[in-house]
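Look for chain A in each of the two complexes below; its partner is chain B in the first and chain C in the second.
And now, the complex of A and B:
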């Protein structure tokens, strides 16, 4: 069919790019946070954990709405960012990344935190008695022993970002090549009654998601036997 | 040189001094505080009040807010579950302690516990006894001054326990560590320890030292002359000088002046 050849693949690449960048950043941010939550006790810890978990229960449009207000150059934060850092987060790819970081954070933090908490505490303590610092212990002993949890975090964050809609709808602006991700494009095409194109995008997303899950389950199986 | 400390979380109140190079056994019922004591020494737990000095190094002094982190204390610790890192081979586990080197130190250490052949195996393919041997040599790899063992053999069968206890003594002497061994089995400890301490409800109940411990029974023979007989007892003069009083068997027909050989079972270091 001409459909596939004439299809504008940009939304697909954009979606994948967004998911990749977000997931990579989430890995770098999520590991220290998860480790901190797993191993530290402090007053107000439950408040922090609740805040991090909010995106799990909050309607994406609520999150989107507050981002809209915050990032808007008419208000404090947005104004400051524009003035001092020349950073504009509304209707830009960067803005989507920042919003996605908040939106998918619990999907990275929770599995890693749970993985670390399930490790025998003596592993960490043994490493300390061998003179290793906290960070060396984390990277050389703990994380290598929670690979399935890391993989879960990566996959969930990636998939969750691909599936973003309400959030992007609020702060994206539907700009081709910038913020017109696949989920928005599908919606768009349906509105324009171009069902063929919508179907193409939907099928592609389905195939990508399924492919990722399949790969993950196969890898996980092999890993369980270390 | 002394190690002294006192009090801790959950109501542990202890004062203790240990001799350098000694092997001390800590025993007591579960929950008595013996593991907590060990953890405080290691630096894994910090008590609300405490003082630990090792030789001339201050490890803990709560009144002056001195807490030496566990990483900086010259201790090695063996845990009940061995705590070998599953993502590393036996060799890598020991190398983790020594750091990457080319001088064959790791192989040397593995040979000390006869595990050279298993160097490239992962911990989950080893038996419990093998794992604890790796844990032991890994804890000793950095030549710590203090070796702490938290019920290291309790999950093992009797025969393996015996073997490992013997290895422990050998390594303890070879490395010259001040060793503290926690066990819930007093009899096991009395075989190997220079000193036994009972911990109960967070307090030290008994201390026993010395001659009844650390025994290897060795029969000794004396030959001497009977000097005098009273009731069923004979006074025997020994050729090296000195006299001994022995109980005579009823049927014996000994007379003063007769030669008698006496066999005695006696602790080896007396």
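And now, the complex of A and C:
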């Protein structure tokens, strides 16, 4: 019992905050991208789709390496961000958010895109015929019809961000309250041979992840069988 | 028939590889070990396989039964702990004394010493995790003693080992960092930044132990570390040497 009382909860809160911020932003970014990919055909669309899917297959260390170089104040992008916007993306929470946006993007875009593509075109055409604009059709007609896909996107992005490790290890700098997320804290505790603390964090992450997935599956089942 | 032969050779090959000596190396010694490896392999034809990490992480791995033969630590505490727990079969012996240096990007003047770190030019400082990396612990200790740690805390980021500190500095992610003299003397890293020894930091005694279950060849590498050619290589990389009649 002492363990739970003495446990440093900061890494857990930080992880949840990171996942929440990332998922919210991804929802805002992901919906327009997904609907654009679902409803338009253009040259180079495959290239864009391949780029968005890259984080599915790339080792996080590859992303981490490129982010490290890109965000570094010694290189053009990082220097520009620091000089003109006073934005620092290495060793900061903001940096983790930006990296997570790329890292979890396919988990948001893919379900929404698939959901939209599976809707009958007549739904969209009916809305247009009734004089609704493109964006109104999307928000009022199409999105309400793909709630399970939206939920899947939200949950997968959230869960995937919680599971982020290699990327944070490379660009985080292990700062308590800033970049020391739960997965890193577990790694640290194991290396320090404090297995009880590692157990506590691991168990919490396991419970959170399982709880989220359980909720999704039960909600989605209800929606499908209405 | 022939394809079977290929499969058999493949597995045989991986078995042969397992005969290599596995040397767990503290990050500060990663470059010097490459040199030692070349010399040792030339002398004995025994192949080495260095595994680089912070001393604390390597110790944790050894305690969990990692199949290493020899452990070159960055301090005496970790090898001592392994000796006490029976995972090391020899008493820790000092193979070299490491020197802590301040390494900063090219446009910074390190001759000012630690005072440089308080200037606005230095935005981020990399220190190896003091909980697992002896050079990180040494750096933290000096900063604490000079009452700079509190002031510098917002600028400090922690690397897994000094290997990550080096990587942060070389990639320009930080402006300054604490590393080992053996790193900044590595020929391939010349011109990457300015460095100066940290005043007030005592040389760090670094211990080596033979690990339980080590192969017979491990002893030869262990003895090699104290031979004149190896000592010359350590010296070339800025280490101070234990006297030849040390307590080995």
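As a convention for this text, the second predicted complex is superposed on the first by the 224 of 226 C-alpha atoms of A that agree within 3 Å, B and C clash if a C-alpha of one lies under 4 Å from a C-alpha of the other, contacts with A are read in each partner's own complex, and residues count from 1 in each chain.
Just so it is clear, contacts are C-beta pairs under 8 Å (C-beta built on N, C-alpha and C of every residue); 3 or more make two chains touch, one makes a residue touch a chain.
Note that this is a predicted model, so its numbers are computed, not measured.
Peer 1: Give one of first, second, both or neither to describe whether A:131 is in contact with chain B, with chain C, with both, or with none.
Peer 2: It touches chain B, and chain C stays clear.
Peer 1: Regarding the shared-chain residue A:163, is it in contact with chain B (first), chain C (second), both, or neither?
Peer 2: In the superposition, A:163 touches no partner, neither chain B nor chain C.
Peer 1: Quick one: classify A:148 as touching chain B (first), chain C (second), both or neither.
Peer 2: neither
Peer 1: Given the touch rule stated above, what does A:191 touch, chain B (first), chain C (second), both, or neither?
Peer 2: second
Peer 1: For A:173, select first, second, both or neither according to whether it touches chain B, chain C, the two together, or no partner.
Peer 2: Only chain C is touched by A:173; chain B is not.
Peer 1: Would you please give the residues of chain A that touch chain B in one complex and also touch chain C in the other complex?
Peer 2: After superposing on chain A, no chain A residue contacts both chain B and chain C.
Peer 1: Please give the residue numbers of chain B that touch chain A in the complex, ascending.
Peer 2: Per the stated touch rule, the residues are 42-44, 70-72, 75-77, 79-81, 83, 85-87, 96-97, 122, 124, 135, 138-139, 141-142.
Peer 1: Can you list the residues on chain A that touch chain C in the complex?
Peer 2: Residues in contact with chain C: 68-69, 71-75, 78, 88, 90-91, 169, 173-175, 188, 190-193.
Peer 1: Which positions of chain A touch chain B when the two form their complex?
Peer 2: Interface residues on chain A, with respect to chain B: 120, 122-123, 125-133, 140-141, 144-145, 226.
Peer 1: Mind pulling up the chain C residues that touch chain A in the complex?
Peer 2: Interface residues on chain C, with respect to chain A: 56-57, 60, 63, 105, 123-124, 126, 129, 131-132, 157-160, 167-168, 171-173.
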